[in-house]
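Accompanying notes for the structure given below.
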Amino acid sequence: MLKKLKEATLEANLELVRRGLVLYTFGNASGISREDGLVVIKPSGVDYDALRPEHMVVTDLTGRVVEGALNPSSDLKTHLALYKAFTNIGAVVHTHSEHATAWAQAGREIPALGTTHADYFHGPVPCTRELTDDEINGDYVLNTGKAIIERFAGIDPLAVPAALVAGHAPFAWGRDPHDAAHNAVVLEAVAKMAFMTVLLNSQCGVSEALLDRHYFRKHGAKATYGQNTVI
Amino acid sequence: MLKKLKEATLEANLELVRRGLVLYTFGNASGISREDGLVVIKPSGVDYDALRPEHMVVTDLTGRVVEGALNPSSDLKTHLALYKAFTNIGAVVHTHSEHATAWAQAGREIPALGTTHADYFHGPVPCTRELTDDEINGDYVLNTGKAIIERFAGIDPLAVPAALVAGHAPFAWGRDPHDAAHNAVVLEAVAKMAFMTVLLNSQCGVSEALLDRHYFRKHGAKATYGQNTVI
Amino acid sequence: MLKKLKEATLEANLELVRRGLVLYTFGNASGISREDGLVVIKPSGVDYDALRPEHMVVTDLTGRVVEGALNPSSDLKTHLALYKAFTNIGAVVHTHSEHATAWAQAGREIPALGTTHADYFHGPVPCTRELTDDEINGDYVLNTGKAIIERFAGIDPLAVPAALVAGHAPFAWGRDPHDAAHNAVVLEAVAKMAFMTVLLNSQCGVSEALLDRHYFRKHGAKATYGQNTVI
Amino acid sequence: MLKKLKEATLEANLELVRRGLVLYTFGNASGISREDGLVVIKPSGVDYDALRPEHMVVTDLTGRVVEGALNPSSDLKTHLALYKAFTNIGAVVHTHSEHATAWAQAGREIPALGTTHADYFHGPVPCTRELTDDEINGDYVLNTGKAIIERFAGIDPLAVPAALVAGHAPFAWGRDPHDAAHNAVVLEAVAKMAFMTVLLNSQCGVSEALLDRHYFRKHGAKATYGQNTVI
């Protein structure tokens, strides 16, 4: 069942490990089959070394486990909320990667300070407001997703494929698990460079024109970057 | 004698090396058998590459060497003081890991700035006061332990399983050697993210509600993180 | 065709990977055969693991592809502009290496703060002005090259073999691809040390005399560093 | 001739590479045979991968090459000056390790901020004054050594086995090449932690009592750290 999506989701989880974005069992990636209305997600608190495609947990969009012997990631409800609100995304990744988490903990959005950022994020990487005590004491994981969705009012999720949750850490997403993990890795690099940049110059940032030029160089109908064929 | 505890203690020492927490022979881990009243600790100043379970030193709670040909870690008396005062802990780890040490040298506790912290530490990671000259010139290693214990008045050591010794470096602990080393590794990651966070925003921190939510997600009777089975 | 230059250009690209200067497919290196008026450049957006000498793209100085099945790097026009204006260089390298990019994003030149810098750069590493909206909306990649050239009025490109493009990232160059990649690697190290230095002391820098002494120790007719033979 | 010293000097050079203290051919280590009045030093600008004991250059204390086909390190005269002035040292190491170099470029001594520092350096790591233009234009490499020696008036070189040269980088030394390289490695770790510490708290430092306690724990007749035997 969903064999390819399980493999792709596992591979996205492992990419987070290879790139140094996760420590121990931190982090999780999921992917969705829109036609089946089913989500494949990493099990909770399992060593990455031991992960196999068959350990991936399959749930429906209400969070009911449809297949899999293990508990799904404790962040499942955030993933599901994002899939329901952001209908053009195909995968979600959550990490506590160090630099992006520092921005999230500081409660600051990551401003667009250069073309590395603009190549991937068509505007600042937003940071949610802090959750209220009621939201934390209530359906906390779901409310985390709602805070992201609230913050993205008027923003195309695929044009800015990541968010910082204040006091917590980043979520990233994409068209598929490979794309979402890639965005999470670039987000961490962008966050690191932005950290150093604001220490060197607290007043800087790219122009709208440069943001557009670089973003549309890699995205949309007029993209010019890369190859049409694979070598 | 205490074969399993020796292996677990050695393994905890090696985990510190693998995770980049120790340089050369810095750092030490110990474990206690509460029923035997005996402590297993790394020998002093020995290369990690050469360490074998049989090199571990066994002492009683007065510090008398019961087994082992080598000198115990020069920090033995701090470990023993912690075991006597914190009766619910089963292992102690000491490192000079870079970021946690920077906080200790700065004489600042690590505030709870995010959920990574809250998942492991139910409040700030405390920093001791500076030792007096008399304490330094007297039974210094013991007095280091006493300063930690003094600082933990009213704090459950397993709820905040680490301390910073001012002008020195961190100690971490846990239920067993694996747990103590794990806490030391997470402490270093938390210290690194907190360092960057306070440079980005000198005024931030998580709410009590968020601290509770994340801490009790991983600890206590109502913990929901992870699996009940092992894969 | 240009077999040795293709190999050297590929090797320069791979050196950027080995030294941690590029993430994914970021970055590109090219080399020029002055006698043939032909440039060898990395193809756009191709995984470094898959790169072989025969994938290198050959163009003339107008940008026309003379050989190669793949699209050339999207930064080709910047490389060509530099080759035409800086007639003594033989290779160009572009990366988004983290620390040099932070300086570029901050819009600050890297001042000559020590002898590591002076050994390679006979003066600050200049930062271009920001491009105007018209320049960005027009022939952007070419205009990036023009901004570098404008900034180097009165500077010998081989005496200061790198530039920062404001809001973007560094370009480096050299006599040949090996030399250009080497300069890009040293630039990143110099940028990292300069970042820390200005946080420790916002007012410092080497004297003209020390800058000269170290630069001419490694460059020009009176250089004394290294060997006349290879071991 | 001096076979063991050559091997030990090469090994010290390679330790600098393994610990990430040198980039490309940066850095050099030497050792002295006091009874022979001869110094063994790394050749200038040679790849570390290719280095063999027989490539080491032997000179007398005037700098005359007694054995070896290659040019000695361009920093030879600094090494020789240190050997002549600091008669209790047996080896010298020079690197451009990143954090120690940042302090040197900032022209700031590294204050004793914690016990890691105190275990190795019995006081701040001094920074020389800047050289005058005449000193730079004259016998520059020798004058670098003289500036270190001037700064160490009243300091036992083995009690503080490293110096920062302003606008340049660190030199470290020790009883033998192994010891000198070890001190250079610890200096870099101490410099990194001190960098973070002063950003967290610009006013801190250890007491005289703690400095003494830790320094004499590892040094001198009453040292208690480590083993009397080797395992």
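Should a chain be cited, it is by its letter among A, B, C and D, assigned in written order, with residues numbered from 1 in that chain.
The rule is simple: a residue touches a chain if its C-beta (ideal position, glycine included) is under 8 Å from a C-beta of that chain, and two chains touch if they have at least 3 such contacts.
The UniProt protein names, listed by chain, are A, B, C, D = L-ribulose-5-phosphate 4-epimerase.
Worth saying up front: this structure is predicted, and the values here are computed from it rather than measured.
Under the contact definition stated at the top, no chain borders both chain C and chain D. In this structure chain B contacts its sequence twin chain D using mostly different residue numbers, the overlap staying below half. With every chain reduced to the mean of its CA atoms, the largest distance from chain C is reached by B. Here the C-alpha atoms of chain A line up with those of chain B after a rotation of 90°, rounded in steps of 5.
The centroid of the Cα atoms in chain A and the matching centroid in chain C are 33 Å apart.
Spacing of chain A relative to chain D, judged by their CA centroids, is 46 angstrom. Shared interface positions of chain D, defined as residues touching 2 or more other chains, are 199.
Chain contacts in this assembly form a single closed ring in which each chain touches exactly two others.
Under the touch rule stated earlier, the contacting chain pairs are A-B, A-C, B-D, C-D.
Listed in rising order, the residues of chain C touching chain D in the complex are 113-116, 182, 185-186, 189, 192-194, 196-197, 199-201, 204-210, 213, 217, 224-229, 231. On chain B, the positions that touch chain D within their shared complex are 23-26, 43-46, 50, 55, 69-71, 74, 96, 98-99, 101-108, 130-131, 133, 136-137, 140, 167-169, 195, 198-199.
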